Amino acid sequence: MHLDPPATMPQRHTHSAGPLRADGSRRALRVGLGGPVGSGKTASVAALCRTLRDRWSIAVVTNDIYTREDAEYLLREAVLPPERITAVETGACPHTAIRDDISANLEAVEHLEETLHPLDLVLIESGGDNLTATFSKGLVDVQIFVIDVSSGDDIPRKGGPGITTADLLVVNKTDLAPHVGADLAAMAVDAERQRGDLPVVFTSLTSDDGIREVADWVTAHLSEWRVKAAV
Amino acid sequence: MSRAALLLLADGRFPAGGHAHSGGVEAAVAHGAVHDTESLEAFCLGRLHTTGLTMAGLAAAAAAGHDPLLLDDAADARTPVPALRAVARRLGRQMMRAARATFPSEDLELLAAERPRGAHQPLVLGLAARAAGLTALDAAYATAYENVSGPATAAVRLLSLDPLDASGLLARLSPDMDAVATAAARAADRVTTEGVDALPSASSPLLDIIGEQHAAWTVRLFAS
Amino acid sequence: MSHAAQIVDDRAASTGSLSGAEEPAGHPHGVRATARIRATYNGRATTLPQLRSDGPFHLRRMRTDGNSAKVGIIGAMSAPLGGDRLTIDVTVEDRALLEVTTAAATLALRGPTAAPATYDVRLTAGEHAGLRWLPRPLISAADSNLRQTCHVELASTARLLLREEQILGRANEDPGHLVSRLLVHRAGRPLLDQQTAYGNPEPGWDGPARLHGHRAVGQLLLVDPKMGTRHDPVLLRTGSRDGCAVLTPLADGRALLATAVAPTSSVLRELLDEALAHALRG
């Protein structure tokens, strides 16, 4: 196949997280949600969808350890129509799929962008992993790290890339703090020491509108993203 | 040519999606067919001489500059079950993304435009090898190696095998990888005079069957 | 050249060329035979202007109900044996309908030499022609060495039903060396191309990625341009120990392939019959 050379060079956005789609239109903001198993990532995604779905066009990519468990939870909870939820298999290495080899996740995101155009927001939930898992900047624009009080109030002190560098740290299940003897004030101090000016939010998803602060943070980024892309 | 480019292409960490695929090992483990290092080695040997040889031939032919669209048809004819065709094209898309970023070339752009839903992965690898200045034999080697290293790595995760044993078995398979890569490259040489039918079509009916079975599972660790 | 390299290269050379342009030399003790069948349509029914028996292939016209023709192949001598060069050439011209069967299983034996035998089947079907190629199983007996090819050329509107069954070893014996290639073109383009190789010295032939203890493998191919293009895969038995099969659409569409492995020839036939029932229902 030796035809005329193509008029343009390979377009960068086909293999990185540039802000525009192939047709020049703005792509959706990509928000990663990572954190240890059981900290409430999937519940946070569900709550974000319920809070934001009336205002924005949203899709979700899950990276389950066992394929489709989280995706099926979201489907069961009916937070979004099924065509807006995609599961990516991770070959027993969830951190690889969001950090070292993001191609399957990019495929999934781009497929959603194509089929649901125009899309405002894609939430990418990592498979439950340890404290070192972070998202590649080639995959997400901002990332949220979700931990919970019941796994020990020393987690912020221990740090790790997720705790120290995520754009937002969510400390979930604050309603359990009295029962597990977790010191929320100490967690806040440790988190600030690890993160400097980066924000921390304490949530309890059992209360009405417990996700509000996180939803507001996402909305602020989304508004900023739209302004930036419109320029 | 740069031999280092071959190392990059064959590296399991090359970000082209391979880590999420077991090459049939997850299904074979579930059937009890692969359960230890010895059975894993037998699995890898069988896979290498069937699917491995066929894929290496396609990669070599693409690297040699044969028409990738004809090769894509030939790959379809050699992949009778839809689950494995879908996997081959999905991995082809992912390889295309990595290859365009790593070894940009006009051939890759043209194939990406012709096959937006993905071409069979070995062809994309072959074109990437060509763009990197590698030979047909190099492309066959990368494909043959990937055909056994992928399942071996997956089995280490699935069965908690000693990774040193897995490396040992890959080393023992080296002469077989040499043989497969060499035969694949020779067959690619014959495409000019005999057409794509000259390429190997070695197949394993059992791998086709368990590949399709695996795709129907609702709970699994690997995408294939 | 290493042992493995020798095998891989031999295998490629033995079934690689299907053009029929070069005649293999054969062995001085071997039989060389080419049987030919040609079916044509005379405006009312299918006739058989050519029915050429040769060597071990005795061809017999069989009674049919409708306007199709049927030919039975009867083994006139034990074949293939090592060194034999056997060919069956079947042409079904435009609009003709032909079914070909064999009266008994084909048994590959060692014969006077360990040299490989070749057994080439060439099937050609024209526009609106229909061919049913339904031979009994091929049995690879201990110490036999056979290279089999089945090369099918279909016009774009031709219909085909083809069954291939391979039994690896008679009861409780190891199989010989059997290399077999099935290559199907439709309208000149490859539709299906598969080569299998079993028995010593094939690397890993009985391992978990290949036979895994099974001794019967088979395929059933149904090509019909009038077939709907939408077919979901059918899984027949999902274990692997007791035999299993899948019925799947080929990439080109309007063609279904059943692939089966089984411990015995009877289980294999059950699976293929079940698959055929599914295919015809779809």
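Per-chain numbering from 1; labels A, B and C assigned in written order.
What we mean here is this: contacts are C-beta pairs under 8 Å (C-beta built on N, C-alpha and C of every residue); 3 or more make two chains touch, one makes a residue touch a chain.
Nothing here was measured: the structure is a model prediction, and the numbers come from that model.
Setting chain B aside and leaving every other chain in place, the chains that still touch form these groups: A | C. The interface holding more C-beta pairs in contact, when A-B is weighed against B-C, is B-C.
Summarising the inter-chain layout, the chain whose CA centre lies farthest from the centre of chain A is C. One simple way to say how far apart two chains are is to compare their mean CA positions; for chain A and chain C this gives 54 Å.
Inter-chain spacing, taken between the CA centroids of chain A and chain B, is 32 Å. Between chain B and chain C the centroid-to-centroid distance comes to 28 Å (mean Cα coordinates, whole Å).
Looking at chain C, one finds that none of its residues touch two or more other chains.
Remark: chain C residues 2-5, 7-9, 11-12, 16-19, 181, 183-184, 189-197, 202-205, 207-212, 214, 217, 219, 233, 235, 238-241, 244-246, 248-252, 257, 259-261 touch chain B in the complex.
Listing the residues of chain B that touch chain C in their complex gives 24, 28, 31, 33-34, 39, 42-50, 53, 73-74, 76-83, 85, 175-176, 178-180, 182-183, 186-187, 190, 194, 196-198, 200-210, 212-213, 215-216.
Those residues of chain B whose C-beta lies close enough to touch chain A in the complex are 13, 15-22, 67-69, 90, 93-94, 97-98, 100-101, 104, 106-114, 154, 157-158, 218-223. If you check the complex, the residues on chain A that touch chain B are 1, 3, 5-6, 9-10, 14-16, 65-69, 88-93, 96-97, 100-104, 106-107.
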